[in-house]
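Below you'll find the structures, each written out as structure tokens.
Shared chain: subunit A. Partners: subunit B in the first complex, subunit C in the second.
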Partner chain A sequence: MKALNYLRADTIDSALQYLDEFKQDIRIIAGGTDLVVRLKQDMVKENNILDISRIKELNGIFRENGTIHVLPLTTHTDILESEVIDKYAFILREACATIGSPQIRNRGTLGGNIVNASPAGDSISALFVQTAKLKLKSINGERVVSIEEFFTGPGKTILKPNELLVDIFMPELEENETGFFKKLGQRDALAISVLNVAVKMRRRGAGTNTFDRAVVAFGAVAPTVVRGRRVENAIISSSLDSSKQIHYIARLAFREVSPISDIRASLKYRQDMSINLLYEGLLDLRANDWKRKT
Partner chain B sequence: MIMEDFKYIGKSVPRIDAADKASGKIKYMSDLNFPGMLFGKILRAKYPHALIKKIDTSQAKALPGVVAVVTWEDVPGLNGFGIVTPDQPVLCKDKVRYIGDAVAAIAAETKELAEKALTLIDVEYEPLPVVDDPIKAIQSDSPKVHDDGNIHLHTKVVRGDVRKAFEEADLVIEHIYCTGEQEHAFLEIETGIARIEEDDILTIYAGSQYPQRDQMQLSRCLALNPCKIRVVSYPVGGAFGGKDELTIQPILGLLVLKTKRPVKMVMTREESVISYWKRHPMIMKYKTGVKKDGTLVANKVIIYADTGAYASLGGPVVNLAIEHACGPYKLSNVDIEGYCIYTNNGVSGAFRGFGVPETAFAIETQMDIIAEKLGINPIELRKKNALQKGDIAPVGNKLTTSVGTVAVLDGISKTKLWKEREKYLVKNTKKPWIKRGFGFALTYQGTGLGVGLPDYGGAILRFCENGGFEVGVGLVDYGQGIGTSYAQIAAEMMKCPIDKIKVVLGDTALTADSGPTSASRGLYLGGKATIIAAEKMMTVLKEKTSEMLKVSVDNLDAENGYICMKNQPEKKISYEEIAAQFMKETDHLPETEGYFLMPLADMKVENAFGLPHHIFAFSAHLALVEVNTLTGQTKVLKGAEVIDAGDVINRQGLEAQSEGGFVMGMGYGLFENMIIEKGIFKTTNFSTYIIPSAEDIPSDIETVTVTDPEETGPYRAKGVAETVMCATAPAITNAIYNAVGLRIFKLPATSELVYTLLEKKEEKCNESTN
Partner chain C sequence: MVQTMDISFALNGKEYKLSVPANAVLLDIIRDKMHLTGTKEGCGRGECGACTILFNGRSVNACLILAPQADGAEIVTVEGADVERKLLSIQKAFVEEGAIQCGFCTPGMIMSSLYLLNKNPNPSISEIREGISGNLCRCTGYVKIIKAVERASKDIGK
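Here is the complex of A and B:
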């Protein structure tokens, strides 16, 4: 591991100053659970490390006018322990519960998971279906982008070198909204997703199997997390009455994904699993009268 | 002897080193630092198979802070090591044979400098075709890994007339089984530190399984009188066979001799994975003949074992696989053949089970298939064929020691898992795609090194001033708990509290050579030697007391740290007083030694070195699984082991072995998939090489013991360290069959494999119904 110059910012402003000053040669560290691995592999080109982990303004979860804000330094453990999240952003909660192990969840942050931009980043699919938005800030000002626009490729985002992710926010899940996050890994903990799927659906009313809104996202089956629009359209234009019908809809998943073969799984397995995981998740949900799992 | 009469034997005794390990008080080798210490690094091969044309170290040597750069030219003795055949170079001269081969090594002032210097060594290679398929490798037109060809060893054991027996069989089952290359995955990676200590003794601190053999191998490589080498191989943070052979020690020693300074070397996980020992991947062709009534009549087996680039213990592994290839069953017509094959796929060596988990997977699947085809209860089928005391084992030896086959099979019905399996196997109506199944498998494992190898245990007992004793055994406690068992045995024998026993392990200067910590032999041999040393010590103490009390030795007894008079127990002298007396008289405390020779079988199997074994431990493994047919994922919900360990020395220790063995076998069966492509490792750390996590293991692993006492053993015990992992994988794959009707012939049964096979099966089903 190479020697690095360590810098620490305790406020957003000072972080932005540093980012501007060191331009392309500075790298943010939050929980470090991704970055330190990269450092050990000598895969970090920057020579300056900016520690943002003590910026208080970047830590916290709160509700405001029907919107849930999860600030980027919030750890996965914080998310699991939050009642607000449990009530209004439970799909994100289900995703964060599958990340790493207790130790990793204690250190790893939501902001880090997003900016790391792994196609297998588990919170990302959940944030896709919860239609999250990101606030990016630099010394020159700030901008808000939807999570879907943020990623351009594996490990690649539209974040500029002088920008900091300062807020992640999403609409509260409504009473009649349901959904799930499901992950397939090679083992039950400390497993990188072979693939994952997140679903949010709005039920037309109690007693029905119909939905007027659906958002579906798949992780680890394309260069970035991807939306499953064909599946969404199929869900809202039919009635999920039978497992046969659900399977029919789930099979559309293969049109949404463009996976590769790697050390963890083959292309074919990932393709089939995008169908089966979605199918299993929808069946589970139906068995529970479309209510979220508790 | 009644077990209840004992104070320590047969009880649950907590590990004597548990608190020190948990609190970090015990220093592992990577925790040691010496003043003036240098850091060592090894340059590994660039190709899995290549000729070395030139090695230029001048630039690395010129880098300030680099103290030594060594290549083959610097090896003072034999440039080779290997327990059986020293065919692995310390540093390669003209050829590299796997991607972890060592080409040069550096000692520098800092780790970073050493790393930098590695990049400055210029090695010119001429790549050779990679030999990566063991079956192709034994064909005559294959490129050769070693000049003598790619067959390191070929063993064939034939008994009876298989051809005739197959003709008479009512059913013949033929399948090919493949098993994976398992990584030991010990917590402590190969690590060591060495320096020259008093009297010019090169002292190597590096965890391993047999310090005295390390010393002899190092002596040969370094051209140094063994008396001038001390090896401290304990504490060690896990080994499982992976530290039986030398790892970093010769290079470490070389760098110290060259620099005359302490040198420390710590592998990374990735370097460890590519460079050191693994379980042999095997391809096993099985053909088993059986009568309608379930009597096994013939077994023909061919085993192809990929030993990688160097021999190490590949030959003995293949021979042990051959010996256990038929399982613990009566078979008088057998034709078992094994090839140990050189390739460029890393290096394979010793690993818990030593060939038995591989063949157990094959034979126990065969047995499950036979039971189903013949409509015989699988336990009854095994019982019908079970080897018993007095029977002739498949390779021809008569079993004269304890044989627990039937006891273990009968013990299955005592487990909670068996009793309640019907309840657990209820259909999941809410999630019909999740299917449960129950399976079991039987196995056994020889204790000790087998015929042909002198096999003995040794122990030193030192009397201490506090009236306690120090036990010195050359074996190591790498987690299996033998240190605690030696303490139990010594305390029981010496009639003193266990906290008065100190155990010293794995040190050529302080402990008696007791052979390798392998082959399930540690407790058996080290325990026996401790008993003998203790008997002698007891005589010494009684003699001294008899002088002190002026009574005859025959009138003396020992109790709770005292030697007392038989009929007048209040007349007694404490061990501490006896120690003081010795000190007063001679300024010296007595020391005794015990040596014990392993009993051997009364015959040897021709052309099969090490065969047969004489003492065996037995176990049955049970598993309840849940298979998700949508994803192929298998979850082991419950496990159980029924073990014949002879009499148990430490109940708690045995349970820990059983649970650990079950989980290791489960990893082997379901998860651990070392991927090597064209000699290059693709799964070099635990992000991609998947071992089970705490979340994956069953909440319940039961241990039931059935006792078939082994009269030759220490307190009638046998070694179980290996058998406890050997049949977990087939228990699980048999359970998968029970759940979804799918036979697994390849390990590990990963989710993707199970899913793919299920899909194929469905296609076939559709074809046949169409």
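Here is the complex of A and C:
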């Protein structure tokens, strides 16, 4: 590993000062599960490493006026152990449960998964369908952006060099909202998604197979996570009565994704599996009277 | 010039103060500076689990923690039976079940088992499999390891 200048901030203010001072030559470390691997491979050009892992103001989960806040230093294990998340953000919970291994989930943070901006980042598809917002702060002020606006390409975001992700928040899931996160990997543990899909739908009422709101997102099938708007519209405008109807809707996924072939899967396989994963997820939900799996 | 940082941590219940290079990982400090070589380096990138330790009570890959990040931490390695009594029972169960072949993954497996049993004293088979899912073993096929964790959970419960 090359020589580094290690800096540590214990407050948001001090982190923002460092970021502003070193601007183009500073990289943030939190859990380090991704960055340390890159440092070892000499893939990090910055010489200053800013450790934010001790900033207490950036760690925690809380509810406020129908919104659930998951602060960026929250680890995936914290998310899995939170009753609040289990109740009000269970799609995110399902996604975080598939990340890495116990050791990685114990150290890796939600904020890190977001700012790394991998098209295959598992939490990101779930945050898309839970319509999360991000608060970005610099010494000049702060701004709030939607999770969809945040990503511009693989590993690329709109985060400015002097900005810090300080909050991740989303509306609490309502009683009549359902959904799932599904991931296809080459194995169960320590697998990068070949692709993943997340769905959130609001049911019109008990006993019906109709929905008045739907959000669908696919991961690892395009340069960023993408929304499946044709699928969403089809869910809202039809009744999901039969497996045939569900398959018809799932087939629309084909037109939403623009995957590439890489070491994990071919383009064609990803296209086919985006349909199948969505189909399987919707069928499972229907078999359980549209209630989340527990 | 490599920057060094003065840090302190508790390792297996004892307090240490030392100076570490900013670009070292905790695994190297444990092995080369503290001379505790039970913790192994396999892949060096968080995939094999051979370097698993407890860091503030949670299992982590020591190969992915920058040494300065360990400042103030409480660390337990496979040598830490003085602070984690369950380690003895788990180690014994691994020996009795023949859950060790080449032995390279064993310290990491034992630390993941310890973390699991601290959280969940009576895990099911599938919970054990999930608990050791961050640890690779190329010898045993895992069956005997899973039996060993099961046996350890019963022994500790007695």
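Following the convention adopted for this analysis, the second predicted complex is superposed on the first by the 294 of 294 C-alpha atoms of A that agree within 3 Å, B and C clash if a C-alpha of one lies under 4 Å from a C-alpha of the other, contacts with A are read in each partner's own complex, and residues count from 1 in each chain.
By our rule, a residue touches a chain if its C-beta (ideal position, glycine included) is under 8 Å from a C-beta of that chain, and two chains touch if they have at least 3 such contacts.
The structure presented is a predicted model; accordingly, all values stated were derived computationally and were not measured.
Using the contact criterion defined above for the overlaid structures, shared-chain residue A:Thr77 touches subunit C, although it does not reach subunit B.
In the superposition on chain A, contact is made by A:Ile192 with subunit B only, not with subunit C.
After overlaying the two complexes on the shared chain, residue contacts for A:Tyr6 are found with subunit C alone; subunit B is out of touch. Looking at the shared chain after the overlay, A:Ser53 reaches subunit C, while subunit B stays out of its contact range. Once the two complexes are overlaid on the shared chain, A:Asp284 sits against subunit B while remaining clear of subunit C.
By the touch criterion defined above, A:Val36 reaches subunit C but does not reach subunit B. In the superposition on chain A, contact is made by A:Ser101 with both subunit B and subunit C. Once chain A of one complex is fitted onto chain A of the other, the partner contacts of A:Ile263 are limited to subunit B, with no touch recorded for subunit C.
3, 101, 188-190 are the residues of subunit A that lie in the contact sets of both subunit B and subunit C, per the superposition on chain A. Taken together, the subunit B residues at the contact with subunit A in this complex read 112, 430-431, 433, 628, 630-631, 633, 635, 671, 675, 682-683, 686-688, 690, 692-696, 750-752, 755-756, 759.
Residues of subunit C touching subunit A in their complex: 1-3, 5, 22-25, 44-47, 49, 52, 55, 58-61, 63-66, 68-69, 112, 115-116, 130-131, 133-135. In the complex of the two chains, the subunit A residues touching subunit C come out as 1-6, 8, 29, 31-33, 36-37, 39-40, 49, 51, 53, 77, 100-104, 106-107, 188-190.
Note for the complex: subunit A touches subunit B at residues 3, 101, 184, 186-192, 263-266, 269, 272-273, 276-277, 279-280, 283-284, 287.
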